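Once you scroll down, you'll see the structures, which are given as structure tokens.
Two complexes follow with chain A in common, the first pairing it with chain B and the second with chain C.
Right, the complex of A and B next:
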């Protein structure tokens, strides 16, 4: 009642303030990005095309993070496992020299069972580490990176019979540091490629991202989607309600890992070269930072967060070396600054979430204590 | 009589991870002997590596004991130590003066940083490891900007071209490189023992062991093992956790200075980013859990883990091309952390 008697102008003002407060993180990054754009005076066409390109190739990976957040597993640093599966498939396709769309299709088909297997494995591990899934998924990524290196640096050419001088190191064991993906480069991006007055659009890649958004939104309305939410909100309540919590969590991780594998294949067909031992390492970190920049938290992430975050994070990514060059005369400063931003955003988001969760727990405890005191008082 | 029973009791007492790594070490040394590698040098290398990394491993003890858990934010202390080491170098201090100055600047810096970092960790109870990891990462990235822009003028330290910004790797040989490593060395059965380095490391271990038995040390452990009980007996749990984080951060600063003088180089920029992980792995290999750790865990873990790292490379190099020991390090250390994280109770 009091609210309705407020003058309209004040109401609008408080609405605006509310919106600002709710979207503080994306707005801050928008301001940072715009300041960078203004400071560098970049060519708007270059900026726009670069942003579209990055949005197309990265959004799939960022979207792969959503389901584990809903299911209460937090940010799945384990998507690097999916990225590794995608790369393994691309390495096989490159070895067999299957070009273009068929090569890409085969890579997607090959990486799927691998990613499902790895996702199942990761889900089993994370079920044994409830309450510390994030750190565990991160260490799991490091661990599997070791296994990945063991396979592609020492087993290829020995246990795995592969003879391909173009791909292997000179002694015939282990893959070279970089693999040329020229055969499948842009096989998706340039299949339908629109150029409209200076802007270029990789239509199918953008459509793939859009399709994934639609599927994820549809999934949220199914029984499985409800189960994810129920498990994410309270595992015990979900268990009592007859949901198989462990199984639901494993499914969430499997979906996430598989989407990440496809995302990495899409990403690399755009880049065109594979850094055999590095391409996957940063995938988790950058995708997570992008999602958080979009205003997501450890417990709540939407498709909109993912898309806005990918856009803003990569805007900053494009701009900061130029800004560092322009403002301080050193592009390196900008590069370290953006790394700092990526890590800092994650640190702040994790910290804030843990702090809020703790406040909730403390409030609940105080309430229980009060109730107990009342009961004993009677 | 009951050979199998006593064997399994022995295995349980020692612990499966230590048994496996111990057996692997025996295997490495047998191969080294067959391949006629110089054993005295291998053993010296193992001792040097253990002692130069040991204090960084020791830094894990206070936080684990106080219930903060594995201190993945160790780089917070490491960069403080680096600042001390850089200032000593900037003013051309040599020998023990340089080493002492590096510590004298690094320790108070780390204490302040630890105080702030500890305040943060007290607000995020339950998620200290994850938050700590990313605080460490962001501090390292933020300090990279400082290394580029900081007011360092010594031509030995900055880029030749451009005249500003610290180089990636700074050579300490003209300053205080190897001061500890060259002090009090002696030979035992033909093996060169780095007396000064080992003594320095072990005296820190002794100090920690003594501290844990003092009233404050015991209060700290109590705050970790049973916070509610500790609070009821009048211990301020938050202050104890703060103290533990400060101690750990200070040990991180001391640890990196000792490490750098032994290595002979200061590594800047992204180098400190993953500094916490080998230390975490080492103390877990030594038998610590995410909630309980002792100085003995440090000594055993550092010795096993770093002896393995020091000997695996020269030994495997005689057998095959490529550096498989690096891959083994990644798998063993992260596998160990994974094992510790998935063991025991789930839930919060």
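Right, the complex of A and C next:
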């Protein structure tokens, strides 16, 4: 009623302000990205192709984070576990020398049971650490990294009978630090590869990401999707309503870990070499940063957040070193500028989310007060 | 309404034509000797030597060298390394790319670049990726002859009076095939010489504690080890970040220091010994004989004459100078990447090799353009 008395212009103004406030983080990144593009005067083909390429190889990993957020587990740093499963499968496929799509398919098939197992394990632990899921999943990632190193640095060639001089270190124990994935390199990316006036599109990889978006949106409408939301909103209420909370949470982590494993396989077929002991390390941090940049919060994340975030985060990662170099004239300043902007803005994103949440709480409080005053006035 | 449609169509057309036009223009620009060299090094936080060498080359060849850096956090940010290299190739004037050090992502970047520009020349100094991966991709790789150093370092340590040999490293480095081979050869050589070999695992500087964690460990551990094993112990480490605290502590405890992971008079020594004027426009910058003399004076003054040594030239800087020269010669058709003598000549003629004698260069395996380089040692006494 109060709203309808406002003049139209002011209403539009307040609507615009509301939209800006709600999307402050992605808008900030968009502004920074655009400023960077203008400052660098970069070759538009390079910029567009690099952005498309990064969007194609990273979107699957970022999308794998959505379900745990819905189910109230926050940002799942544990997708590193899935990435390790994907890499283990790729190592096996490289060892057996299975080329092309069949190699890629086998890697996807092999990593699935492994990722489901790891996801179940992570889910069990996270159920025992309710309310502290994010830090627990992060530490779980460090722990599993130790197990991964143990397996591939010491057990391969001793307990695991593998004799492959091209992959093992010269003493016959432990994998070399780089594995050449030449046999499956670009097997998905270049299967259908459109080149339209200087722009390149890895069609199937982009379609895989799109298909996952569709599946996730469909899943949200099923009974399971509603269970995720119910558990995410209030575990106690969900429990009372007859939902098996622990089981639902484990399913969420299993799905997330498995998608991350597939995402890592897709990522690495694009890169073409596996950095045996480090490729998985950055996965959680960068995927989460991208999601946050897209305007997601620890409690709410959508497909749109994931896609917009991946695009903006990588756009900034591409332009910021060049922008730094152009503006300040020194190549290394470009690198420092990139680190400063990229990580600084992640911190700003988290800060802005906290601020927005506070504003919401304050507004709700003000509303309640007003309502209470009206009631008492009557 | 129709006007708007026509206007939009016209604008799109103009945009398309200008895009295609600008693309074409750059291709036509190609001509003899009008080319640039892309150069990628770390920032000063990873290895000051390489960055400064690149800076000097940019000054020496104005407008012909495009210098970029790879991320400080290169183990985690492969995608950035790839983007940086691919961005160099997006400039059609760049005909060759020199990378020192060849951090992870280099091989993937070469694949991506070659998909569009199969003629691009790649020269790598110090490849982190496995030889099996990098040999089929790069035109030239120059690397310190680590397997040979597995023999030369313990031998020199023994000659300098070491009864024990301490090797600091961590699993990530020990998964690099040449470093693992070097360690195995060190164990063998030590056994032959009757020197006790001790392996100590230090925290990985790329781990959660970062470079400070590793440095702190080195500062704390060397006095402990010297207390247990006595002063006649040679200390060696595989990571650049370890060098400065290591040299400091070896000097403080009276142990022996044969050479750095990446041997050079400027790596660790000036900072550890408090020698000024080595960087930027300083009085000693680029003057290797003067820097060696300054270190010698400090070592002798501390009563540690004959207990410290290094190579007489900063090898990574030499790789950058030789790499850029080779890149220019190859693009101009004056050099062949498969010619060992030409590679050796480029290394020997690098300005920083003045007064450092000749380099020994050999191939890692027959037919591979992966060249292993060793220089003689300079003992401070």
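Definition applied: the second predicted complex is superposed on the first by the 326 of 378 C-alpha atoms of A that agree within 3 Å, B and C clash if a C-alpha of one lies under 4 Å from a C-alpha of the other, contacts with A are read in each partner's own complex, and residues count from 1 in each chain.
The rule we apply is simple: contacts are C-beta pairs under 8 Å (C-beta built on N, C-alpha and C of every residue); 3 or more make two chains touch, one makes a residue touch a chain.
Since we're looking at a predicted model, the values are computed, not measured.
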{"item": "Touched partner set for A:339, first chain B, second chain C, both or neither", "value": "both"}
{"item": "Touching partner for A:272 - first (chain B), second (chain C), both, neither", "value": "second"}
{"item": "Contacts of A:350 with chain B and chain C, given as first, second, both or neither", "value": "first"}
{"item": "Contacts of A:325 with chain B and chain C, given as first, second, both or neither", "value": "second"}
{"item": "Touching partner for A:178 - first (chain B), second (chain C), both, neither", "value": "second"}
{"item": "Contacts of A:153 with chain B and chain C, given as first, second, both or neither", "value": "both"}
{"item": "Partner chain(s) touched by A:142 [first = chain B, second = chain C, both, neither]", "value": "both"}
{"item": "Partner chain(s) touched by A:282 [first = chain B, second = chain C, both, neither]", "value": "second"}
{"item": "Residues on chain A lying within both footprints (that of chain B and that of chain C)", "value": "142, 149, 153, 171, 174, 332, 336, 339"}
{"item": "Residues of chain A that touch chain B when the two form their complex", "value": "125, 127-132, 134-136, 138-140, 142-143, 145-147, 149-150, 153-154, 171, 173-174, 328, 330, 332-333, 336-337, 339-340, 342-344, 346-347, 350-351, 353-355, 357-358"}
{"item": "Contact footprint of chain A on chain C as seen in their complex", "value": "16, 19-20, 23, 43-44, 51, 54, 67-73, 75-80, 82-84, 86-87, 90-91, 104-105, 107-108, 111, 128-130, 132-133, 171-172, 174-177, 180-181, 184, 206, 208"}
{"item": "Chain A contact footprint on chain B (complex, rising order)", "value": "72, 120, 123-127, 129-131, 133-135, 137-138, 140-142, 144-145, 148-149, 165, 269, 277, 320-322, 324, 327, 330-331, 334-335, 337-338, 341-342, 346-348"}
{"item": "Residues of chain A touching chain C in the complex", "value": "42-46, 50, 54, 142, 149, 153, 166, 169-171, 174-180, 185, 197-198, 271-273, 275-279, 281-282, 285, 317-318, 321-322, 325, 331-332, 334-336, 338-339"}
